[in-house]
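The next part holds the structures, each set out as structure tokens.
You will see chain A twice below: alongside chain B first, and alongside chain C after that.
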Partner chain A sequence: MFAGGSAVGVLFTPAPWRLITDTALWSENWPGIPAPPRGEIRARFTNCSLCTAGCAVRARCVGDQPVELAGVAGHPLSRGVLCPFGIVGHHLPFLPARLQSGPVPQAAAAVADGIAKCGPAEFVATLDLRPGRTASWTYRRAMKAIPNGRYLAPSAYTQAAVDLSKARTVLSFGVPVLDGWGTPGNVIAARAGFRLIQVEAVESRTASMADRWLRVRPGSGDALAQALAGRIPHSAAADATGLTIPEIDALANELEQSGPVLVLGSSQLASTGGTVVARRDTPVPDEWNQSAPVTELASLPDRSIRVLLIDESMPGGYLSWNTIAHKLVADNPVVVTFASSREGYARHANYALPVAVYPEVAADIPTAIDSVAAAFRISAPLVAPPPGTVSPEAFVAAAARLAIGDTLRERADAIHKSARGTLFTPADGKSQAVKNVTADDFWKALNAGGCWIDQPAAKATAARLTFAALAQQPVEEAELPLAIVLARELAPGLPLLSKVYQESNLRLAPGRVALHPACGLEDGSRAVFETLLGKCAAGVTLDPGIPPGIVLVSASPALLDLSGDGARAKVVRA
Partner chain B sequence: MKRSIPFLAGLAVALGAGWLAFPRVLYRSSPQPVNFSHKIHADKAGAKCEDCHAFRDDGTFAGLPTLDKCAGCHAAPMGTTAAEKSFIDDFVTPNREPRWASYARQPENVSFSHAAHVKRAKLACAACHGNTGAGNAPRPYQIDRISGYSRDIWKTPGMAHGMKMADCVDCHRRQGLEHSCLDCHK
Partner chain C sequence: MTSANKPVRAARYGMTIDVDRCNGCGACMVACAVENNVPPAHEGATDRKGLTWIRVYKVDNGAEYPDRRTAFVPVMCQHCGNETPCVHVCPQQAVDIDPATGVVGEMPQRCLGCRYCMAACPYHARYFNWWDPAWPAGMEKSLNPGVSSRMRGVVEKCNFCHGRWHAAKEAAAAAGKPATEPVDYTPACVEACPAGAIHFGDLNDPASVVAKEAAETASFRLLEKLNTQPKIYYRSRKDWVRQIAAAPRPGAEKEKYRG
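Take a look at the complex of A and B:
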């Protein structure tokens, strides 16, 4: 009875409830959970290198650790805006899937051996997935120093720039204009000034926010472009795209009357009224100009690359492994990739070497597509890289026996020497002419998040509205029921926000495909994704915004290796 | 009746233990390093909260003042009290920072913005910190032996609310303010 009374009594005291609460609180901080170090709170400035927008970043740091990233108000290019990736960029060094170590000496020896064995019809090549950087110039110089060296880069319209502020109509063929294309702050600022017409097979986020979404059949964008250019009848385009002839007539009239027009395709631009302009190059030291030219991978003969060095350290374009594999020699090619995770080319390379990631590494950022003037920004490191990481630039230079110094400083000095443009310093939000700044101060400002902006070219070159080469791959004839549409994401394999993606379905997470709910599969189930090139496992997301007969493929390397816009696939239960 | 006496005895013992003994056992108490009087500083020196618990130029909250701030006035003893002499001898002269125990320290997984609450929402310091600013001597710092949290996370006298997550959420709901996980758990 005493025990019974005690048991009843204790329920009317705070003891049991507090014990439960306190145990729960204790579990939030129990040993093993890392605690961030304490220290002085200060703001540091840098530039985000997750994409070529290169948005200015104000990092709130506790001690040496950045704990919060935000935009820099008043910045002339990024205008105070950071995208969701940029806001969480300081998490990137902590990702569990990060490549931690690699066989660096063995890779260097294999590369040296491969270069020595390279035959007269074979090549040593560096594939640069983020061209336009100072490191890219080092690769070009290194490839010039190696007999049969080739510098490879995905084709891109780096010389042309888009002036969104002049556009009154933007016709986009699947380009994610409002979701990862260009500089977010600049696009937001210009959005009210243009009418956006999105031509796309699925209701992407840009399509849903566009003024008009023209839903076309996958791979039929080129037919519509050719019809608008007057090369094929509107009726033929209607057959190919699924649009009606009056819709195409109305679109043609709108483009005629609502200029200036900017047309964006996956790899080409067209414009009227000066919305596409030629941009001056960012200066480089004179001696750098004696370097290997940019070569497209497709121009090399099959089975010709003996040694391939791939720099995927910065998020950038992606070439499917099948495209690359055909170019490698049949007998023992040496493939080295510089990567932050095993998701990309590390799956196929002989050697995968770990690299520092944003915001650990000092690297410059190529000028964004929507910047009419060249820009030079350094992503100044906020934290130190972990031991064991490799500098791709130093590795490639060493392989070519090219002596390099502080290339970023040399580039900055060349820009300063040109005396062109202005320097924006984020700490005080002011701009001043470069000619009024000493070389040392210019360098210091760049390392403190500063930004050099060139004077716009004196004469803007306005291309005609030609719709040239907006080609997408034709639909293949095969017994595969689904047409593939590729999700345009920041960078294939970039694992940022993956957890949020998986839990929220805000975006199509890496390794997933999206299908119409009537496809016969269950949301969240595992499936096998199959094309003519092979098959791999994929997660299934059901989305009513995906029309029947289409599969939207996430931007993850394993899926991209099997896919292409307009190709066909089937997705079956695993 | 006799049969219920053991039951009632057990009930009484449990209630007594739960309400009186348990809190004493649960919390470990430690004194503050300096017998600091908020009241004297407010009344005699006319100091306001923000004079010592200041915001930095960049808007962030500095929290507890460092010894430099104290030494600005107390470079030499101000008065003849034992507490003053002890403070000068133990801290100012050897330039040793007092190791204050913060009643309101949030755990590592919480990022709380004083600027948002004090500057933008105009919240009074006492709403969260209670009567701390009016005390003649610092209360002992009481720490929960299990959770490791200050006792002040529960509502104490003078506080409008406690400082647990549920208190934050309740207040934001009452004010009709948006809130999300990442506001505090960055």
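Take a look at the complex of A and C:
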């Protein structure tokens, strides 16, 4: 009786209720929750090699493991900014789809055999998707050492640079100026100084933030550029683009009165006022200049490449496999790709060899398009690469029997020898003249996230930007009713980028296409995406912001192989 | 009088967000997830079931081209300062307001997952862990040691990067500064914003940038008619953006771009 009374009495005290309130405290050590690492916390500096912006990075590390990346305030090029991709760059080594191993000896033997069998009208080629690096110079030297060797790079490769600080108007034909183009920190810093006119078929992120968005028909930007250049009448451009003649007249007047004008995305119209200049290249050792020139893939005859080595270890441009496949010999070509996953050319290559990724590997970053002075930055490794990875540079050099040393150091020494420019060190945020630094200190500073910036040329030489023109195959609209527009989204795959495309509506997810709701398909369904080049399954997103007659394609390799801007497609129920 | 019994000078941490500068890149969302050990999306996660302590909504003025205008509005916990709805409804006392900072805090260890707070929050700024948190193999090594991860079945939300605040307090104490004074620190989203659209600071300090910006005429808060006194101030020169601030939830309800 007493015990029962006590039990009831206790219920009227706060004690049991307090215990219940905090019951969940006992589950705090639930084994499913991962324990974050422990260790000394320190800051290390490097440069992001995920694109040519090469933004400076301050990595917060626990022990040797980076746990958080941020920009470096006061950096003269990147100005303390990192894009969303750069913020999670330290997660790249953990990609579930990462290529773990590859048949390296077999690939080396096949390449040697292919080089030996290469006929007089056939080629051994290296396709470099990120030209301008030190590794690119090794490829060029290696291709020079091989009879019939060719060094291939995307046609957009150029030493022309844009000077955003001089532009008062930027006329962009579909270039994602405000969404990762150039050096994001530099673009944002210059943004207040220019008026942005975006010519684009759909309302991209840049179009939505532009001062003026001109909605044109897909693939008709060049017609507008030609009209503005006075080569075709405005009425013809109006027919092609869907704009009105008064709109084109007004645009022409505006460009005339609001110069200097920087034109991006079209070679049909020249920029004015010194907004595009020729940039001096980063110095290299003298002997490197005796190397193979840059060749465009399109200039090689069809069925002429016997051995093709593709370096896709660094994110860069993408050429559709269809374009490449036409250039390979018909009988047993050897295609080796150096890749971090099977999503790109590894789907087609004979041998896919795994590579180290950022931030595991030391690599330099070519100068960004919006930097008027050459720059040299090294993405200093923060963690060790896993066993089994291959250095593409060493593999290609070995295939050509080219003896190479520490090429990054050799190039750094050549830059130091030139005694040009300044060295920025992120740890103290200071710049000093290179001529005041010893070669060893210069090298150490570069490996600690430093950045060399060339001194501006005494007189800037005007230059012209080139843009690759896509060859469009004629096709009946009735057969393929949708015009393709490529969504230049962030590179897919990084786990936390799911925040922006799966757990919110901010961006179009990889492997998806977006259409107007009147297309007859259901939102969230799977469909077959079909062009003249083939078919591919894709997820469907319905978006009233997409004009009817257009399919917005997320730029994943599988979809890029089938399409380009302005091509035509149909999307049917799966 | 020693510093131990000095009266605490209460801070009122808050943010100003310049909507006209936000280009919707999503850097704040990603940086927040890195800082606070928010796991990547589960396969079944959607924009309704995902975990995004800060979420950027794309909004438009409803007009057709060429009059269509778009803006990006980052929305996180608004840290309501008056009649905070989530605090009132929590049966577990798992939500409270720190009187020293004004930050609305969430204690996931106390949360029993009833989600009353989610229903009560007028800003849709609270998120529920529908699945066990999971990272790709090996990625646990890259978690932030300053923040513990949460388990399935609890609600979580923005806490103005409590881990960073704690580190700043420790650093201030180590430097001999009185514990009663507010500390300066920068939340991850503010640090990551490439456009410099987000500012953070003490709204009680009239010299702070946020206090000055919050007092500007272009400044507004979401759902001001509710009088919850949020500490997130938005700024825009566009009337239509300010009108959207009065709507219950910015942006489309549909799961448009899910993977």
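Just so it is clear, the second predicted complex is superposed on the first by the 502 of 574 C-alpha atoms of A that agree within 3 Å, B and C clash if a C-alpha of one lies under 4 Å from a C-alpha of the other, contacts with A are read in each partner's own complex, and residues count from 1 in each chain.
The rule we apply is simple: a contact is a pair of C-beta atoms (placed from the backbone, for glycine too) under 8 Å apart; a residue touches a chain by one contact, two chains touch by 3 or more.
In this text, all values refer to a predicted model and were calculated from it rather than measured experimentally.
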item	value
Which of chain B and chain C A:208 touches, first, second, both or neither	second
Dominant toucher of chain A (residue count), chain B or chain C	C
Partner chain(s) touched by A:5 [first = chain B, second = chain C, both, neither]	first
Partner chain in contact with A:43 - chain B first, chain C second, else both or neither	first
Which superposed partner A:67 touches (first chain B, second chain C, both, neither)	both
Touched partner set for A:188, first chain B, second chain C, both or neither	second
Footprint overlap on chain A, where chain B in one structure and chain C in the other make contact	21-22, 25, 28, 33, 35-36, 41, 67-68
Touching residues on chain A, where the partner in the complex is chain B	1-10, 12-15, 18-19, 21-23, 25-26, 28-29, 33, 35-36, 41-43, 60, 67-68
Chain C contact footprint on chain A (complex, rising order)	21-22, 24-25, 27-28, 30, 32-39, 41, 62, 65-70, 81-84, 87-88, 90-91, 93-96, 178-180, 184-185, 188, 203, 205, 208-209, 213, 215, 490, 495-512, 514, 523-524, 539, 541-543, 545
Touching residues on chain C, where the partner in the complex is chain A	23-27, 29-31, 33-35, 37-38, 40-41, 45-47, 49-52, 55-58, 60, 65-66, 68-71, 92-93, 108-112, 132-133, 135-152, 154, 188, 191-192, 194-196, 251-252, 254-259
Footprint of chain A on chain B - complex, ascending	3-4, 6-15, 17-19, 22-23, 26, 56, 58, 60, 107-109, 111, 144, 146-149, 186
